[in-house]
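Heads up, the next two complexes both have subunit A, just with different partners, subunit B and then subunit C.
Let's turn to the complex of A and B:
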């Protein structure tokens, strides 16, 4: 017995140890700390409490850490940094990807939009399978796959004067990747109040612009120092109206990420710095140009001392809702130039065609858009030709010759139907032609333009662009 | 006097403003060396001169408003913000580069 005792005890000890291990594992699983013991072992291998970065991070960021411009300390600063990206569109997509890839520790993204097919040629973190999903959710899905280490904070909402202060407060740097002047003023005013720098970029057609504002914080100019007054709303063109080439806005978003990485990885802000704006043109010959900008404006209502202290944009004024950035920038009122009887909807116009009624279809889109798709038998005279005519009493004599010759070709009294892309320009032209007494005043605007024609499907499948 | 003295300068448009100027970004122009009152030509005079002599589009208010360049357009004198150079009072010199940039908002 005595000789058997140690062996039996040994066996019992082994059994108990196995039981204990199993109990420990199930307790960990239940507490949700570690999902599987295999992952737990992986985790232990990956982190070492004596190291400030995960082993994965050394591998991941090695190529940028070995550069003296970043170095190990710069990488740690990036990891500690919190960035808010306002807008997950053409600028925000590439900016977010590079910022996440570089290992910025906390990344917030705010946008209220959902992914659409027309975004995908430039908004590279979204994809066809995400159409209809919120842009923020789509972006974070992509970014987590790219780099699971940062903390991602979704803000699925529009940035407004009412929520900007609390939303921006936790972040160190704001990336302005928005698409409207009112948002650009809002971001700037809020960032000035909170003493945060802004990396701002914009793009349209084949051009881009980039500027770092309020840098160093407290002494660099703000958006209002450079642009004290907003442009007239009628001169503001969106990418939807003017067009945008994907790589052009992409370049600008990448440059924003670059400025953000430089700013966040540096040991301390410089005491003083001249502000420059970088402009990029893709055509005719690709060119970057660096422009020397002014510093702070002493009387700036946001960052300076305005002559009348009441004009100063303060935290209190923002909180009380006294600063209305949308009203400040104005809105182009919806075009409502015509009486209901001067307009037809796409179905009524389809009837005119079906019944073979004699008429002229005047398409006032520009030649480039006319080249994409058109209705059979339409006459193209771009809106710009009408727009550049002064709206005078003698407009009739100035009507483009091409239209005059059509009118002379035997359709002088046949009605004219005017079509454009969305149904705004066509109203102006309809009014102009009516005022000039063309076609005996029988000129009609087609509501909603060729876009509504396509959407309604009155003539079967038709291109939407 | 015979021929009026002129000043060769380069005028450039960016951010879509070129659409108002024959869709051409760079223009080498000879402008009168002095304004009608005989004072040396400055940037303020140039803006009016461009409207009358170089702008094809009839929509002048896309470029000027209330006698000066409209809000949203930056003027750069030899690549520096005109506010650093005396704005429209800056007296033009031979070979100067004056760049007009329409601010973009898309993204």
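Let's turn to the complex of A and C:
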């Protein structure tokens, strides 16, 4: 650009710039802010002791600071705030990015997991080159590049009943970005004891939920007020099992960051408290619903006064390890319905195929999964069909004729091998078929399902999902 | 889901894991019905739903939280919209 300008004009620009620098220096001297060395002047470009923010921060946060909802004071409150993000996954990824971008001063991230390929479609702060790295380290690497100003505190560990109190204590606000009911109750109970608000979000498949809990502290509701009873462990589905669409969990994480920024930048909690839960459904037609909630539940064991005072969840009880959140939510024991001789491993089943033995391969995955990959010659009857038979007790262990005829498929006496994704549903179906006397009781479960088939490589490269 | 409840019914919306059992996201049920009888009525229609889903879910009436025990006497009226909202815990 300069080369195209006349030399005289360039010279004049240089003169004016020199004059301007001299004027600035004398103005600073006059104000008592004496800058002597060139190095100090260089530093002066990025910080000024008289200014509460770095010059970089004025530029960086300008677009949000000029909004009356945030303003300069709101920005300072964000800078002073300390936020803990529990979980650096599908919710934590976008939440952390927006919270760091907005200039929250101290950001802690806790997660014990490492980055996997199956995370990348939704956990947008991780990347292909970070597979195998701890999620916390991967997240902080990304966030430092996005905004080097905040202080980032890594916690590469699982949050447990034993460490939750000391870990949460230094923070002003907790973001629940976790993936299991036991952690949701743990975070809620700990935050109630420590008088901290929580921004809680969750997502599975095509649905999401968002709520700000215990804001202002003491007013409730807490997680237990809304859901006093955990869902039965056998019905709890993870994103790995149930599936998740990236933008669904993404939108929930972004909304979580928004609620966090609102809460931290405001001068004081609103006088008239209203708690609402936002539920998001992506299908069939996208909808957000706002549900009006109540405050603290009087008899809540965490934030209220339970009928029996012994039930109250106290700091002392937590410290003594008397509150077991994992036991409270229960664990689904590995399915062990069958005797060893009723099961075959993938290699034994490969032999059955190699030797060309007459048999039926029954794949009980749902139609969607069956559509991803399948073994040649397999017959698909989804597990849900067997499950509904088991639900109606009077017909339990009876297989309707319609299914029988599909199963027989011209091979009424040939053995049946049952396959599912991970080897749990197939055990239930094997037992049901055996109990009903199908195929003369010659029904076998294939251990570890199609996932093990792929991993073992018995039939060469096979898709893993 | 936008359709209105026909006369003599209320609308019930099922969310997340509730739809896994009902295989539908909404339907109409005969009104009036005491809130305290809702779970048993649903369990008659969907065997096992009470133990699997309802025992741990939140219920709303016309987009407002209701307490199934404290508000058991409350009557679900014609035209009401009830929400069965199990906790989503993943992320």
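Definition applied: the second predicted complex is superposed on the first by the 402 of 465 C-alpha atoms of A that agree within 3 Å, B and C clash if a C-alpha of one lies under 4 Å from a C-alpha of the other, contacts with A are read in each partner's own complex, and residues count from 1 in each chain.
Quick note on the criterion: a residue touches a chain if its C-beta (ideal position, glycine included) is under 8 Å from a C-beta of that chain, and two chains touch if they have at least 3 such contacts.
Here the structure is a predicted model, which is why all the values come from computation and not from measurement.
S.K.: Please determine, from the superposition on subunit A, whether subunit B and subunit C clash or fit.
M.R.: clash
S.K.: Once chain A of both complexes is superposed, is A:281 in touch with subunit B (first), subunit C (second), both, or neither?
M.R.: both
S.K.: A:249 contacts which: subunit B (first), subunit C (second), both, neither?
M.R.: Both partners.
S.K.: Just to be sure I read the superposition right, which of the two partners does A:327 touch: subunit B = first, subunit C = second, or both, or neither?
M.R.: Touch partners of A:327: none, neither subunit B nor subunit C.
S.K.: On subunit A, what residues does subunit B touch that subunit C touches as well?
M.R.: Residues 87, 89-92, 177-181, 184, 201-205, 207-209, 226-227, 229-232, 235-239, 242, 244, 249, 252-253, 277, 279, 281, 284, 289-294 of subunit A touch both subunit B and subunit C.
S.K.: Name, in rising order, each residue of subunit C that touches subunit A in their complex.
M.R.: Subunit C residues touching subunit A: 1, 15-17, 25, 47-48, 51-53, 55-58, 60, 63-65, 67, 83, 85-91.
S.K.: Within their complex, state which residues of subunit A touch subunit C.
M.R.: 87, 89-92, 177-181, 184, 201-205, 207-209, 226-227, 229-232, 235-239, 242, 244, 249, 252-253, 277, 279, 281, 284-285, 287, 289-294, 297, 391-393
S.K.: Okay, in this complex, where on subunit A does subunit B touch?
M.R.: 87, 89-92, 177-181, 184, 201-205, 207-209, 226-227, 229-232, 235-239, 242, 244, 249, 252-253, 277, 279, 281, 284, 289-294, 387-390
S.K.: Okay, in this complex, where on subunit B does subunit A touch?
M.R.: 14-16, 25, 57-59, 61-62, 65, 70-74, 76, 79-81, 83-84, 99, 101-107
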